[in-house]
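Please find the structures below.
Both of the next two complexes hold chain A, though its partner changes from chain B to chain C.
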Partner chain A sequence: MTAIPYAEALDRYRANAGGFPLRPDDATIAELIAAYHPDSTGGKAIPLKIGVNAGMLCQPQVAALLQTNALIEDVDIAGAEILNTDILVIGGGGAGAAAALTAAGEGARVILATKLLLGDSNTVMAEGGIQAAVGDDDSPQRHFEDTFKAGHRAADKELVAQLALDGPDVIRWLIKLGMSFDVVGHRPFGGTLKRKTPGGATAPRILSYRDFTGLEMMRVLREAVGLHRGIQVMDRSPAVELLSDERGGCAGAVVYSLEHHRFVLVRARRTILATGGSGRLHLNGFPTSNHYGATADGLVLAYRMGAKLREMDSFQYHPTGIAHPAHLAGGLVSEAARSEGAKLVNGLGERFIDELKPRDVVASAILREIQEGRGVSRDGQTGVFLDVPGLVAAKPGILETTLISLAHLAKKCRIDPTAEPLLVTPTLHYQNGGVAIDTHGQSSVPGLFCVGEISGGIHGRNRMMGNALLDIISFGRRAGAHAAEARAEAYSSRAGIGHIHDWQRQLTLADLPLDARGPHVFPDYGNFDLVADAGIGPRAAE
Partner chain B sequence: MSDDNVSLVIDGRAVSAPPTASIIQAFSLSGGALVSNVGCMGQGVCGSCRCMVRRDGSRDVTMELGCETPVEAGMQVAFVSYFQPKRPHVYDLEALTDSWQILDAMDETFPQAKSCRHCGGCDRACPRGLDVQKGVEYAVLGDVQAAREVFTECIMCNLCTLACPERIRPNHLGLFIRRALAALTLRPQELMRRLRQIENGTLTVDTSTVDDTRS
Partner chain C sequence: MTGIKQVLLDPAIQIGADLTTWLSLGGGDGLKAAIASPAGALDTVRDSGLRGMGGAGFPTSRKWEMLIASEAHDKAIVCNGNEDEPGTFKDRHLLEHTPHQVIEGGLIAAVATGTNQLFFYINPHHTKGLAAMRRAVEQWLVHDLLQAAQAAIGKSIKLAVVESSGLYIGGEETAVISTIEGGFPFPRRKPPFPAQSGVFGAPTVINNVETLANLPHILAHGAAWHRANGIGDAVGTKLYSLSGDVLRPGLYELPMGSSLHDLVFVHGMGMLSGKEFKAVFTGGPSNTLLTKKDLDVALDFDSVRARNSRLGTGAMIVISEGTSIVRKISEYMDFFANGSCGQCPPCKSGTYQLSRILNRIDAGDGSDGDLAALENLCSILPGCGRCALIDGAVTVVESSLSTFRNEYVSSIRRRD
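And then the complex of A and B:
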């Protein structure tokens, strides 16, 4: 693949600075995505062989992971400590915290188990903001329509409508917990929220706190969870299997204590999976903007227990990941930069796409430039320019007041963002599909709820900026409230991992290997081996 | 491994890595099991990779974030592992409904703040370079807006809490002020209007307006 050398590209960029011509484009959006989006050009989606969605097309690496054998066997958990709770929440990001706080607020006893520490999640990394239709020029109806269309009309309309209607109340709930939002003119009482326009929207709808909205959200949620007497947090405790009852419902989970190297059975009346997405699987060889923990653990466990999935062939590649320097590859430049007006420029010094189109369109357009030789090459890394200097010239002071994280990132890239453009390329960012849910976050498995990035159906085949932070709180609260209604119910009489025997039969019948095990729990480069770490000896299948 | 690699020690493990690698990346490349002290992997917002760093030839120990700090030859690194402070400061934000009481509530919840001995330990501990001690001072003086500003970019890594000999827990004090101010004073008017429209049923969503043909 050819590309234009950095020095030459920089000359052309400087020659055109301030007035980059937009190249005319006669490709339709459908053609652009079909020809250049990694969902089409990467590993070809294959039908799942086993499970409730057998026959459904799925990204091949994800399919391989979904069709793995369980990590543990019956004997491994014999004699394990048992904890009982009303609600088990698995995952310590925004969705898990919202679910836990809401369930505990209803009087339920909650255990929140998380693989790393409470708050270690993609939520804390979110920069741009959260959508909520609050403006007089906006409405939940518009929010619904924009979201549904940006997702290529593949989403569940009821979920999208619920998301849009919940928006304003989600913001109020967050403010009550103590989260700040940017207001115009620094007048908190009776003032006006600052609003930005996300790619694909018909009205400004992004509310934010500087460009570290997720950090502001997560530190408030983390503190609120930590201070709540009804919530017991189990840090460093990834779920390695779900517990099933006598009717195929979910009865809790087996979590593994990384600190004590032993398994704990958490029996729960309701289980809420909020384990996030799958960016750390590095699908199609892409770098990722995702948190270290995003290895699709919950997705694998839910499917093994029989939860229906959807759109598992659709992933989001965020247009502006760092391309250079190599050791920061995949790190994110928030859409806030383009939302504020930053342009994308190829190696010829020209613009090639409306920067505020939906993310899949902009990412495809960048990949087209790179594949057709109009990218910029520097030290072996290829991308296109993001014209931050032009933005700074148009909006002086923006790096100090609004795009604080961007300024910090430029410093790490060792460039002066007022003089030199960033080199960017798409980065694996979001799992569009996931576990099918209803408006309470209930999956097709009794007793099992799924909220946040693990769920599917809200964003269709492409998510808009700001709808993830909204969805985690909207559906996290819904699932927490609904699950808490079960707090007076009796526990199911059985809670075990019997369902994996049926799963192993299916694997064998489909000629799938029994020695491939999942979930991964950590990325490959985490150098983690559960069998060795837990000292559970050789597996039967090996 | 290339000749350009630098050698250092991370949590007692001899590590060789390219000089562009972060401490976290170097640890992973060395084959170490990376199952804690890791989070956002380079964005510097989760605080989980907090570590003590001593550079070759220096007697000083600095507090840094392992995901943002490039390795150097001769560096010695120790992660501040799994730091779980007890919570001596318990409060219920929902119970704080009278904004006139905000200073009393702060004093009641964080009584140690008045005892700050200005040792500067918190400032030295902060990997973000915040003026933590100044923030505590503003809080004690009742300048809550100034205190709020100091902690704007705090990532809650808890290193200042670990460093404070008076058990003030500065980052939690800062967050208390930030939360109280937002919860008690942030009332955007268009949000209030929109909530009323939704709650009295005059604003709904009609899902039949869009056509379902996938694009």
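And then the complex of A and C:
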């Protein structure tokens, strides 16, 4: 693949600075996506061989992971400590925290188990903002229509409607928790929420706090969870298997304590999976903007137990990930930059796409530039320019007031953002599909809820900017409240991992390998081996 | 290797509650033979060597002879379809898929013994089986064959479907009688035995669903044919409920006396995910565990008894090296503790204590004292109940303690 050398491209960029011509484009959006989007051009989606969705098309790496054998056997949890709780929340990001807070607020006892630390999640990396139809010129109906359309009409309409309707209340709830938002009007307290337009929207609807909205959100959620007496947080405790009752419902989970090197059985009346997405699987060889924990653990466990999935062949590649330097590859440049007006420029010094088109369109357009030799090459890394200097010229001081994270990122890349454009390329960003849920976050497995990126059906086949932060709070709260209603129910009489036997049967009968095990818990380069860590290797000699 | 031999499970006769089709497929021949010669029917059953398939393995003809010997006008036969123990799922299949096979068997028994009351005692949890039986009985009530059977014994025959309590204890013989009489499913002291005084005082025989289902075939094809279906000294076929850590669990009808190895490794297609075979809970989890050294055992009543265990209902719950014995035993003890009817204090508190101690060990809170307590309970509890529930519960704990003591010990040590 040829590309234009950095020095040459930079000269053209500087020559055109201020007035990059938009190249006319004949390709329709559908053609663009079909020809260049990694979902179409990467590993061809294959049908799942086993499980409730056997036959459904799935991204091949994800399919391989979904069809793995369990990490543990029944004997490994013999003699393990048992904790009892009303609600078990697995995942320490925004969705998990919102679910835990709501359930505990209803009077349920909650255990929140997270594989890393509470708040150590993708939520804190969400920069752009959160969508909610709060403006005079806006409405939940418009929000619904924009979201449904951006998702290529593949989403579950009921879920999208619920999302859009919940928007204003979610913002109110967050403000009550103490979260700050950008406001217009210079008053010491209060003001009107500042709104920006996300790609693909018909009205300004993004609410933000600087360009680290997710971090600000997680700050207040983390404090609230930590202070709530009804929530016990288990840090560094990844779930390695779900517990099933005799009727195939979910009865809790087996978590592994990384500190004590032992398994703990958490029996719960309801289990809420909020384990996030799968970016760290580096699908189709792409770098990722995702957090270290995004290894699709919950997805694997839920599918093994019989939860239906949807759109597992659809992933979002964020248009603007860092392309250079190599060690920061995949790091995210927030859509806030484009939302504020930053342009994308190829190696010929021309614009090639309307930057505010939905993410899959913009990402495909960038990949087209790169594949057709109009990309910019620097030290072996290829991408296109993001015209930050042009933005700074148009809006002086923006790096200090609004795009603070961007300035910080530029510093890490060792470039002066006021003078030099960033080199960007699409990065694996979001799992569009996931576990099919209803408006309460309930999956097809009794007792099992899924909220946040693990769930599917809300965003269809493409997610809009700002809908993820809304989704995690909206459905997190709904699942938490609904699950808490079970707090007076009896525990299922038995909680075990008998469902893995059925799973192993299916694996064997489908000729799939039994030695491939999942979930990963940590990315491959984390060099984590549960069997070695827990000392549960083959016990033949015992 | 021995092949599957389908008599009761012959796919052609899995037709549900359709009497016309059943009769067109050769059903009714057995009953006609019995009607032609009720005394000959008893001889045929005696010669066939048919034994009680509900677990006891008691010769069916001997039970009947007690009934025949009685002078009473009213006599009862109960078809026991309470089936509730873990790992057994044969009767519910027969009730749902071939109810006429069972009913015809019941009528043959009634004709052979001169019995005028026939109760089909069914676990209400088998909703499909219960519905199929009700539909099937209705069809018999208006059929000429029933008239012929009544003429043969000179009494009118009452056919009734009775819902059991759905509790495990409700399958015990005297509890069955108590339930049919409208009482609680409480076992009572024996004697008097049911054959002396059963349902409302009438001499009563209780036969398992599978036992009765064999009768139409034995009467139609003869005793020699039935004996030839078995292997060696064993006769007929047996429904084995195979479950646990095997690749293909399910209901298998094999010649009686097929080996455990064949059932697990040929029909069950071997152990799940290539794990080593560890043990089998036979006949509902109330018997001595069979281990690797017993894989060659022939699965018939006498051969299994020779290994100090019992064939029971033919349920085989297979455990691999990947599954914890303590967890399984603890699970079954919960079942027994819930299943105890509470009449006999040693059983009521004994099963509860056993379950509590096992749960504690399984949850990693056990101590060496708990092991001693288990052994102590195992030595004092047997024989303390009116029925055999406590004996079964103790047998399985005792057997696992002697065979898999190291697993108990390592569960206790795991948390140190």
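Following the convention adopted for this analysis, the second predicted complex is superposed on the first by the 533 of 542 C-alpha atoms of A that agree within 3 Å, B and C clash if a C-alpha of one lies under 4 Å from a C-alpha of the other, contacts with A are read in each partner's own complex, and residues count from 1 in each chain.
The definition used in the following text is that a residue touches a chain if its C-beta (ideal position, glycine included) is under 8 Å from a C-beta of that chain, and two chains touch if they have at least 3 such contacts.
Bear in mind the structure is a predicted one, so any value in this text is a computation, not a measurement.
In the three-chain model built by superposing on chain A, chain B and chain C fit together without any clash. When the shared chain is aligned, chain B comes close enough to touch A:Glu223, but chain C does not. A count of residues in chain A touched by chain B and by chain C gives the higher number to B. In the superposed model, A:Leu332 makes contact with chain B only, not with chain C. By the touch criterion defined above, A:Ala30 reaches chain B but does not reach chain C. When the two complexes are overlaid on their common chain A, residue A:Arg494 makes contact with chain C while staying clear of chain B. By the touch criterion stated above, A:Glu81 is placed in contact with chain C alone, chain B being left untouched. In the superposition on chain A, A:Asp387 makes contact with neither chain B nor chain C.
In the superposed pair of complexes, A:Glu369 makes contact with neither chain B nor chain C. Of the two partner chains, neither chain B nor chain C is touched by A:Glu340. Look at A:Leu177: by the touch rule set out above, it reaches chain B but stays clear of chain C.
Smallest inter-chain Cα distance, chain B versus chain C, after superposition on the shared chain: 23 Å. In the superposition on chain A, the residues of chain A contacted by chain B and by chain C do not overlap at all.
Those residues of chain B that touch chain A in the complex are listed here as 18, 20-22, 25, 28-29, 31-36, 38-46, 48, 68, 82, 84, 87, 90-94, 152-156, 172, 175, 178-183, 185-191, 193-195, 198, 203-207, 209-215.
If you check the complex, the residues on chain A that touch chain B are 29-30, 116-117, 119-120, 124-125, 132-136, 139-141, 144-145, 148-149, 152-154, 157-158, 160-161, 164-165, 168-169, 171-172, 175-181, 183, 188-193, 210, 212, 214-215, 219-220, 222-224, 226-227, 235-236, 258-259, 291-293, 325-328, 331-332, 404-405, 408, 412, 522, 525-528, 533. Residues of chain A that touch chain C in their complex: 69, 73-75, 77-82, 262, 265, 493-494, 496, 501, 504-505, 507-509, 514, 539, 542. Interface residues of chain C, counted against chain A in their complex, comprise 244-245, 247-249, 272-275, 321-324, 326-327, 331, 334, 361-364, 366, 406-407, 410-415.
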